[in-house]
C-alpha cells in the first residue's frame, strides 16, 4: 500500500514536470495554430542561458552572491527569450502568414536545428548545473504507518507548485482578456485576424515570449533536477502524449493530461513492466493517450474538431 | 525557350494521362534514369555510393511511402521509423529462419509484415485526426522500438538485440560491391517509384487526396474513409517496410533498433514536407536535401574555413551545420511553403514563359 | 613527404546528447596523437589525422567511415566509439580489410579472434567489467558464498550497449545464487523515476549502473532523491568519469565504478608529457584542466593502443613505413605491451601489460574499482582479473553462434600465422 | 460632377500570384470621401484581388503588388500592415466569411473591436450590431463554425463594423444572404454612409443592388477596369444592362428562356 | 421549353426533426420530391435548409423521422449508401478538394464507377488504363459543358469563387446522379453567370432527367425554374407548393419574401 501511494505520488509529480514543458506547446498552438516543435530546444536554450549566465555573471562583475547571480541570470535569460521571440517573428513567422499547419511545423523544426546549434556554440555543450537551491535530499513521512515511510521529494513539490501557478495565470489570461481572445482568433484564421486589425506580429512576439518564459521555468526546474545539457530537448517527447491527451488547445488540459500520463506511466512501469521485461513506460504513455483519444478525438479538454460542410 | 510545350498537342486522353505529359520532362526523366543505371556506376567512387547514393536511394523510397500516407492521404504519421524496423526485422527473420529464402522474397515479406502492422496502427485514424493521430503512430514507434529490443524472437535471440545479414545474392548474382548494391537499390526505387506514381494518379490516389482535403465531402461522393485511409496505411507501410529492409540489409548490414528510432521517423516526415507533400518527385528532393546537405556542409565548412586559414573544430563545424541547415529549411519554406517540388514546378513554369516575365 | 604519414581517422561526437562524455575522450585521443608526433612519430612515420562527427548516430558513423577510409593514403584502423557503429562496421571492415579497435566497448564475443578476425576489443570487454564488479561485491561481502540471496539490480541503458552486461551477470547469478533484477532505462536516460520507485520497492543490496552520458548523472541524482546509498552503486567504466558526477558533487560521494585499468591520472608521466609537449606549445586540443581526467585518459590510451598496433606491424613489415590495414591488423594481433614498454611510453601505474594473440583479441582482463570522494575519483580496490573460466566458454559460444549465422569458418592455424 | 477629396486612390497596380500568375494588369480607381463605390465584374475578374491589394492581405495568398501605388488620404499604404490600416480606419470584410470557427458569435464580434479601447463604446457598438442583425443575437453563444452560411456572413460584416471604420471594403456582402437581409445590409451601408460618413468600396455580383446604392461604379474584366462612371449612368448604359443587370432589351427575361447558345459579348477578347 | 414529364415521388421525407444541443435546426419536416422535377427549398438564413440536405445525404443524423428513397425507407442514411443510390450534391461553403486540380476533383465523382483494383491501378495496365481513359472522357464532357476547359489543370484553391462553384457542380454531375442536391449554387455570381448556371441546371434536368433539389436565395431564379417550392423558417415548414402558390402565401411573405415578388 505504501508503495502504491508512493508510485502514485511519483507519477503525479512526474506528470507536473511534463506539464511544465507541455504548457509551452499548448500556448503557442492555442494562440497561433503553430505546433511548435522547437519547444524542447527552447527549454534547452533557456536553461543553458540561465546556467551559463549564473556562472559568468559573478565572474564579470566580481561578486560572490549566489542569489544575486541567479537573479541577474534569470533576467538575462528572459531577455534572451524575448530577443528570440522577436527574431522568430521577424525572420520566420512573418513570412509564413496564412500557411498550412505542416509548413509552420516544419519551420519550427528549422528553428529547432538552428537553436540547437546556436545554443551549443554560444553556451557550450558540456553538462552545466543550475543551482537555485532546490532541496535534493529526500524526506520520509508516515514512517510509523508504512514500512520505510513515504518518500516525499521536495524538489518535485516545488516544481508542481510552480506549474500550478503558471497554469492558473495562463488560463485566466486566455479566458478573461481581450488579448487572449485575439490570440485564439489568430489561431483560427490568420488572414481574418489581420483583416480586423489584430497585429499578427505583435501577437506572435507575445506568445513566443510567454512560451519562452515557460520554457525558461521548465528549463530551470528540469535543469536543476538533471543538469543542463543536450538531453533536455528529449523531454519534449515525453510531453507530447500529455498535450495530446489534455487537448492541444487547453491550458488546464496540459496539467490534467500530465497527471494522467505521469500516473499511468509510472504505475504501468512499476506493476506491468517487470512482467514483460521493463522499459514500457514511454510507449505505455502513448497508448494511454491513444485510448483516451478514441473516446474523445480532440483530447480531454481540447476544442472540438470542427468538420462541417 | 527550350522548355516549350508549343506544338505538343495531345490527341487522346491517354496521351494526356502519361506520367509526364510534357515531352521534355519525359526525355529528361528517361535520360536521368539511364544515367543513373549506366553513367553513375562509371563515374562515382565508393564513398559516393556507400555514403551518399545508397542511403539517398533507400530513404527516397521510404519517403515515397511516407508521402503516400502523409502527403497524399493527409494522415500525419510519426511511426515510419517503426514500419521500417518491422520491414527490416521481419525480412531478417524470413531470411535467416528459412533456408534458401531468396533475398527479394525476404525483402517483400518484410514489406508485407510492415503492411499488417501499419494497418493495425492505422485503425485509430478512422476516428482520430491530424496531430492527434500523430500519437497513434508514435505509439507504434515506441512500441516497436521496445518490442525489437525486448522480444528475443525478433532478433533470433541475440542478447544485444542487434542482428546482421551477409552473403546477399539474387539469382546467383552476389551483391557485394557498392556498385552492385547501388544498382540493386536503384532497381527497387525505380520500380516502386513508378508503381507509386501510378497509384497516386489513379482512382485510389484521388480517393486519398479527397480524404486529405475534405473528408466529409469525400464521404458524400461515395468514398469510404475506412478503405481509403487503411489502404493508404497499407501501401505506405509496405513501401516503407521494404525501404527499411533495404536499409538494414543493403546499407547497414547489421543493425539495432536505434537505426529505426523516432529520429528516423522525424527525418522521413521532414523529407516529405521539405520535398513537397503530395509529390512523388518531391520525395526525392526531400531525401536529397535531408541526407546530402548535412554531409555536404560537414565537409564544405572546414574547406571554407581552410580557405581563410581558419582551423574549424569538429564541434564548431557540426554546430554551424545545425544552424545553417535549420536556416535553410526556414528559408526554403519562406520561398516556397509547398516544398522543393513546388519550387521546381514554379521554376519550370517560368521557363515555359521565358523570356517574358509573366 | 606525404607518403610518410600514417593516417588515423578519428570518429568522435562533440555534439548532441552524449557530447559531454565524447569531448574529453576525443581531446585525449588527439592529444596523444600529437604527442606521438612530438616524440618523433612511429619510428619516424608521422601521424596525420582527421576527425569526423558521428553524433553517436549509426548512419552518420557509417558515413564517416566511408568518407575517411580512403583518405590520406587510407585508414589502417578505425575506432567507432559507439556500440551501434561498431555493429555496423563489423560487417564492413572485413571487406575493406581495416581492423576495428574498440577499447572497452563493442561486442564482448569479438574477443574471439578466431571468428572476429578484424575486431579488437583491447584491454577489456563488458563481460570483463561485469565480472569484476561481481568479484568486488563478493569481496566486500566476504566471499562469493555470501552473495547467496542478495539482490542486485542492473539499471541499464536500453540499447545493445546496455544489454551487453546481462549474460555475464546472469551467468554469475546462477553460480552464486544472487537475485538479478533488470531495469532498462530508455535513451537518453533522463527519465528514471519509475526505475527508482522499483528500486525503493525491492531494496536491492547493490545497484549496477550500465549507463552512458546523461543517464549516469540522472541516476545518481535519483538515487540521492530516494536516499539510496551511493556507495552501493557500481558503474561500468563508461559510467565512472567526471562529467557523470561533477555537478552533483557531494551528492555522489561514495559512488563506485569499475575502471578500464586506468582512472583519473593527472600524475601519469605521459600526461605530464602532453602538458609539456602539446599543451605547453599551445597545441592542446581541449581545455587544460581536463587533461588527465578519466575519459581523457581513456581517449589517450585508445590512441596509444592504435599507435602501438602500428608500431608492432612495423616491426614485421618494415620500420619507418606506412602500414596498411592488413598489416596493422597483424600488429594488433601480435601486440605485446610489456610493463617495461608501457612504462617507457609513460603509462607507468596507469595500466598493466597487454598481449594479444590470434585467439585472444582483448589482451588483458584487468580492472580496478574507483570511487568518487565528492571532488575527485580515487582508487579503492586492488587489481582484479576477470575469471577466464567463466568468460572463455561464453565468448566461445557466442562467437560460434555468430559464425554459424554468418557462415564463417573459424580461422585455421595457418591463417593465424598470416 | 465635382470630385470630392479621394480617401483611397489606386494607381495602376499590377498583382502577381505565386511569382508567375499576373492577375491585375494595371488597375486604377478612386474612392471619394463619403462615397459608396462598387466594383463589378464576373468571376475571376480580379475584384477580390483588388480589395486584397488595398487592405494588404495579399501576402498570405502569396501575391504581391509589383507596380503602381495605393494611397489612403494621400499617404502611401503599400507597406503598412493590415493592422496599421485598421488603425487608420480601413477594414475589409473578406470574401467567403472567414469567421473564427472556434470562437462564439459574440467573441467574433468582440475581436472585431480589438483596436478599440473604450469598453462602453464597444458595448454600445455591439448592441448596434445586434440591432442590425437580430439573428446574430439569438445565436450569440454558438461557435461560429456551427452557424448557417448566412449567419456567418452577418457575423463577418458585423465584426468589421465593430472596428468603427471610416473606410470599409466589402467583398460580396450579399453572398448567401436571404433577399431581405441583402436589402438590410445595403440599408445599413447607406445608413452608415450617410450618418457616419463611412466610405464603402464594394465588390459585388449583385449588380442591381450595388448600383442602386452606390454613387460610383467600376466594371472589371480580366484584371482591368473596362468601364467606370457614376452609378446612375452605368445603370442606364445599355451594355451594362444587358450583361450585368439581366435586362437586355426592355422586359426582364425569364431564366427559362435563356438559350444555351453562347450569348457572350466582351469588351475585351 | 421542352415539356418534361414529372413522374412519381422518389424521395419522401417524413417528420424529420434535428437538433443540436438546444438549437432546433429542423422540426417535424415532411415533403416529397417527384421524379424529374426541380424542387426548391427556400427560407431565411438559418432556417435549416442546408441541414435538410445534410440529413438527406447522411451527413447529419436526424433524431426523428424517416426518409424514403425509391421505396426504401431509412431512419438515417449513410453517405456511401446515398451516393450509391445516385444522390449527389454541391455544398454551400465550398467543399472542394483544394489541393487537387479541376480534372481530379471532377474525376473523384466517377470514383464509384471505377472497378479496377488497387493492383491493376498500380501497374496501370490493360483494363485499368482503359477505364481511366473512358472516365476521363466523360469528365471532359462535363468540363466542356461547364465551360471550364481553360482551368483543367489548375488547383481549385486558386480559382475565383464563382468557378469553384462550377467545379463543385461538375463533381456532382460526374456521379451521373438520379437526384442532385444543390446548395446555393448561384451565390456569388452575377446575373449573366446565374443565367448560365440556370441553363446548366435546366439542361441537366432536361437531358439526363435528373431530379433536382435546389436551395437558393435569388427569388428570381427560384420562381422561374422550380416546379415546386418548400419554404422553411426557424426549422419549421411554413409553405409548400408551386411558385405561384408560395408567392402568395401569407406566412411566406411575412417570414421571407417581405414584399410580394
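Labels A, B, C, D and E are assigned to the chains in the order they are written; within every chain, residues are numbered from 1.
Note that contacts are C-beta pairs under 8 Å (C-beta built on N, C-alpha and C of every residue); 3 or more make two chains touch, one makes a residue touch a chain.
A quick map from chain label to UniProt name: A = Amino acid/amide ABC transporter membrane protein 1 (HAAT family); B = Amino acid/amide ABC transporter membrane protein 2 (HAAT family); D = Amino acid/amide ABC transporter ATP-binding protein 2 (HAAT family); E = Amino acid/amide ABC transporter ATP-binding protein 1 (HAAT family).
Just so we're clear, the structure is a prediction, and the values are computed from it rather than from any experiment.
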Where chain B and chain D overlap in contact partners, by chain label: A, E
Per Cα centroids, the chain farthest from chain B: D
Identifier of the chain whose CA centre is least distant from the whole-structure CA centre: B
Centroid spacing, where centroids are CA-atom means, of chain A and chain E in whole angstrom: 48
Inter-centroid spacing, chain B versus chain A (mean Cα positions, whole Å): 32
CA centroid of chain C to CA centroid of chain D, Å: 74
Between chain C and chain B, distance of the C-alpha-averaged centres to the nearest whole Å: 37
Residue list for chain A, restricted to those that touch at least two other chains: 99, 120, 125, 277-279, 282, 308-309
Sequence positions of chain C contacting 2 or more other chains: 14-15, 19, 23, 158, 184, 187
Multi-partner residues of chain B (at least 2 other chains): 149-150, 214, 216-217, 220, 315, 318-319, 322, 337
Of all residues in chain C, those that touch chain B in their complex: 12, 14-15, 19, 23, 26, 51-53, 55, 57-59, 62-63, 66-67, 70, 83-84, 87-88, 90-92, 95, 107, 158-160, 163-164, 166-167, 184, 187, 398, 405-407
Residue numbers on chain B that touch chain A, as the complex places them: 76, 124, 127-132, 134-136, 138-139, 142-143, 145-146, 149-150, 214-217, 220, 262, 266, 270, 273-274, 277, 315-316, 318-330, 333-334, 337-338
Chain B to chain C touching residues, read off their complex: 45-47, 50-52, 55, 96, 149-150, 156, 159-162, 164, 166-167, 176, 251-256, 258-259, 261, 263, 295, 298-299, 313-315, 317-319, 322
Touching residues (chain side chain A, partner chain B) in the complex: 35, 91-92, 95-96, 99-103, 105-107, 109-118, 120-121, 125, 237, 240-241, 244, 248, 276-280, 282-283, 286-287, 289-290, 293-294, 297-299, 305, 307-309
Residue ranges of chain D touching chain E (in the complex, touch as defined): 17, 21, 40-45, 48, 95-97, 135, 139, 142, 146-151, 153-154, 172, 175-183, 205-208, 243-246, 254-260, 264
